[in-house]
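Order of writing sets the chain letters: A, B and C. Residues in each chain are counted from 1.
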Amino acid sequence: MTALEETLATAPAEALSRMRAAVPLVQCITNYVAMTYAANVLLAAGASPAMVHAAEESGDFAAIAGALTVNIGTLSPDWVAGMEAAIAGAHGAGTPWVLDPVACFATRYRGQVTRDLAARRPAIIRGNASEILWLGGTSGSGKGADAGDEVAAATGAARRLAAETGAVVAVTGAEDFLTDGSRGLWIAGGSPVMPRVTATGCALTALAGGYAAIAEPFDAALAALMHFAVAGERAAATAAGPGSFVPAFLDALAAVAPGDMGLQRVRPA
Amino acid sequence: MTALEETLATAPAEALSRMRAAVPLVQCITNYVAMTYAANVLLAAGASPAMVHAAEESGDFAAIAGALTVNIGTLSPDWVAGMEAAIAGAHGAGTPWVLDPVACFATRYRGQVTRDLAARRPAIIRGNASEILWLGGTSGSGKGADAGDEVAAATGAARRLAAETGAVVAVTGAEDFLTDGSRGLWIAGGSPVMPRVTATGCALTALAGGYAAIAEPFDAALAALMHFAVAGERAAATAAGPGSFVPAFLDALAAVAPGDMGLQRVRPA
Amino acid sequence: MTALEETLATAPAEALSRMRAAVPLVQCITNYVAMTYAANVLLAAGASPAMVHAAEESGDFAAIAGALTVNIGTLSPDWVAGMEAAIAGAHGAGTPWVLDPVACFATRYRGQVTRDLAARRPAIIRGNASEILWLGGTSGSGKGADAGDEVAAATGAARRLAAETGAVVAVTGAEDFLTDGSRGLWIAGGSPVMPRVTATGCALTALAGGYAAIAEPFDAALAALMHFAVAGERAAATAAGPGSFVPAFLDALAAVAPGDMGLQRVRPA
């Protein structure tokens, strides 16, 4: 087996076991729409969420958290100050942090904030194809919060962004792409219902934080993508639509076992 | 058939087909309680929600959105600034906007903000009877966020408010009333469980935005009311209470077909 | 029967009947994560929630509300100003208020705000063991938003805190402890799934507000704890995990009858 194949064979299952044993504290600075869902996703999966955003305490909290996630979905100047304080606290304490550049292409303000955050050494960046295309320097066709581009169109931008920032980059969509600049993987699974539930991507970012608290960034992102892919597939099998998908998905996140995080859904790029 | 009867016979079904084909981008400035539910309602129904509120970007975003909705549920000065910037952006770009005057009668601050917003040419105003009574110049008996008045008591205030503001006015309750000042309609359906789910009215406002992006205000508001009425009725038939109603309702919103948006639930006032 | 036994035998059932008849207006200043769930819990249980937080109106609103609840989960300076204005309004109007000191031990800022709020005569304080230990002057082992201590370890701190503040103190966990400084009760019930749903404690605080609007603080807190204990037990019996627990729990809160609020789950400390 190559080093990559070895990673694939054991790392995701081990990461899930380790996360459930550690129940890591994950500080999420995320948007108003995603907060409840992201918290429930972390609790179901096996981590302990804490939504702490104000500059008065976000840096202190990042020093005790196992990981920090920063999502710009509903940003405003006060929150950006809180994000910056939290990232500074995270760097000071060696806490890894994850960036979710929601709709970074949509307005000038959003673009500026995202470029500034991306330069602050996130361990992982997770976005849809339109976001990663924009952040990787290519103009895509996203509009609003939903991707207007295919993941396959964003693999070059993802590799470039990884090389520039030092982050592991995950591009999520019908199939997900993961890269650290040199290695590249495709992860299959999930369901077409998932983009019809708001904050699905934001919640995945939160879960990447859960794994980043107990594993290296590449393995952490891979485990989060696989956990979502398996649970999404299972939930879709029983759900009657986007409404009943949500409880089924949370139940499935809790029920996924390490042995379910199997190689068969991953292929090298 | 009269012009109104023609509208009723075809407009709602056509609007649903058109919305699902266009998947319009709907900018929602709504309250913290409603955000997730409103976003999920729009996604289930067939539109693309984006919660963008900060003055730094809300005007820019309104120029690319298909419609804007403004809901004052959890207002504060920063958010009012964002609402005003968004409305200015919407006017500049010809984007229709929808006003939801949550509990406008409850405090002086809320009342002042609402009067100011209502004067900025919304395409649609959606409220409960107490809100429309207050905004139409009559003192009702609302208290907190829930209506203390019957829809039938608010039809005069609704017509007056429509004439004054130029907006189509929807008064929602056990039965809904819709008017543009001259035309008036009653829409039946839904379920008594709906007021026991928080943000049901706010989510309906968001959906009115989804339809306003692809239809004239009167037809848009009518389609949103009918879509809710049908889906609410169906969800209530299977739900065991207000908790199981939510996933069932979102599933039903996604499942409603244009042919379900039938005339039989509408009668002229 | 002792006075306490008489309370236990009739007060919770009477409180539920009275709350459902009055549908009290409960002003909740709570965190972003909890807002929707807390509102749905109040609506399902039989009260009318209103999330009104801005200093511009929170004091006015507290004067018309039946009760006020203040939860510091996602605090920031603007919100603290709104909390203080609301508490002042509540005191002016004789409106009881309930404090939820979420993760008060986690950062200096959080600790300062909590100590200040606790000194403003709340009628009820509800927290987990780590929060009550910290607030009662003992250092616990909480981290983030989840308790790291057993309820049994916090009974002394709870009695001390009740004596110091004049509040009834509820410590919630696998079993709940309630005290007014002299009386002490254990309430059994609920389910291990409940801490895997975010904002369960915050929603219980909101419900304590619903009951505080129509009953004395001790009886109100007891009724809220029992209502949650019964509904949680029932929901867990049908749920397949933390996701399906939520709709089942809301349905159960609505379905619990006064006769279900029975003595058998309560024992004196």
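Throughout what follows, a contact is a pair of C-beta atoms (placed from the backbone, for glycine too) under 8 Å apart; a residue touches a chain by one contact, two chains touch by 3 or more.
Owing to the predicted nature of the structure, the values given are computational and were not obtained by experimental measurement.
J.: Which neighbours does chain B have in common with chain C?
T.: Where chain B and chain C share a partner, that partner set is A.
J.: Taking all residue numbers used at the chain A/chain C interface, answer same if over half belong to both copies and different if under half do.
T.: Different; most numbers are used by only one of chain A and chain C.
J.: Using mean CA coordinates as chain centres, what's the chain A-chain C distance in Å?
T.: Each chain's C-alpha centroid was found; their separation is 33 Å.
J.: What positions in chain B touch 2 or more of the other chains?
T.: 32, 36, 78, 246-247
J.: Sort out for me which residues of chain B touch chain C in the complex.
T.: My answer: residues 31-34, 36-37, 73-78, 103, 106-110, 143-146, 195-199, 239-247.
J.: For chain C, which residues are in contact with chain B within the complex?
T.: 23, 25, 27, 32, 35-36, 39-40, 43-44, 48-54, 56-57, 60-61, 64-65, 78, 82, 246-255
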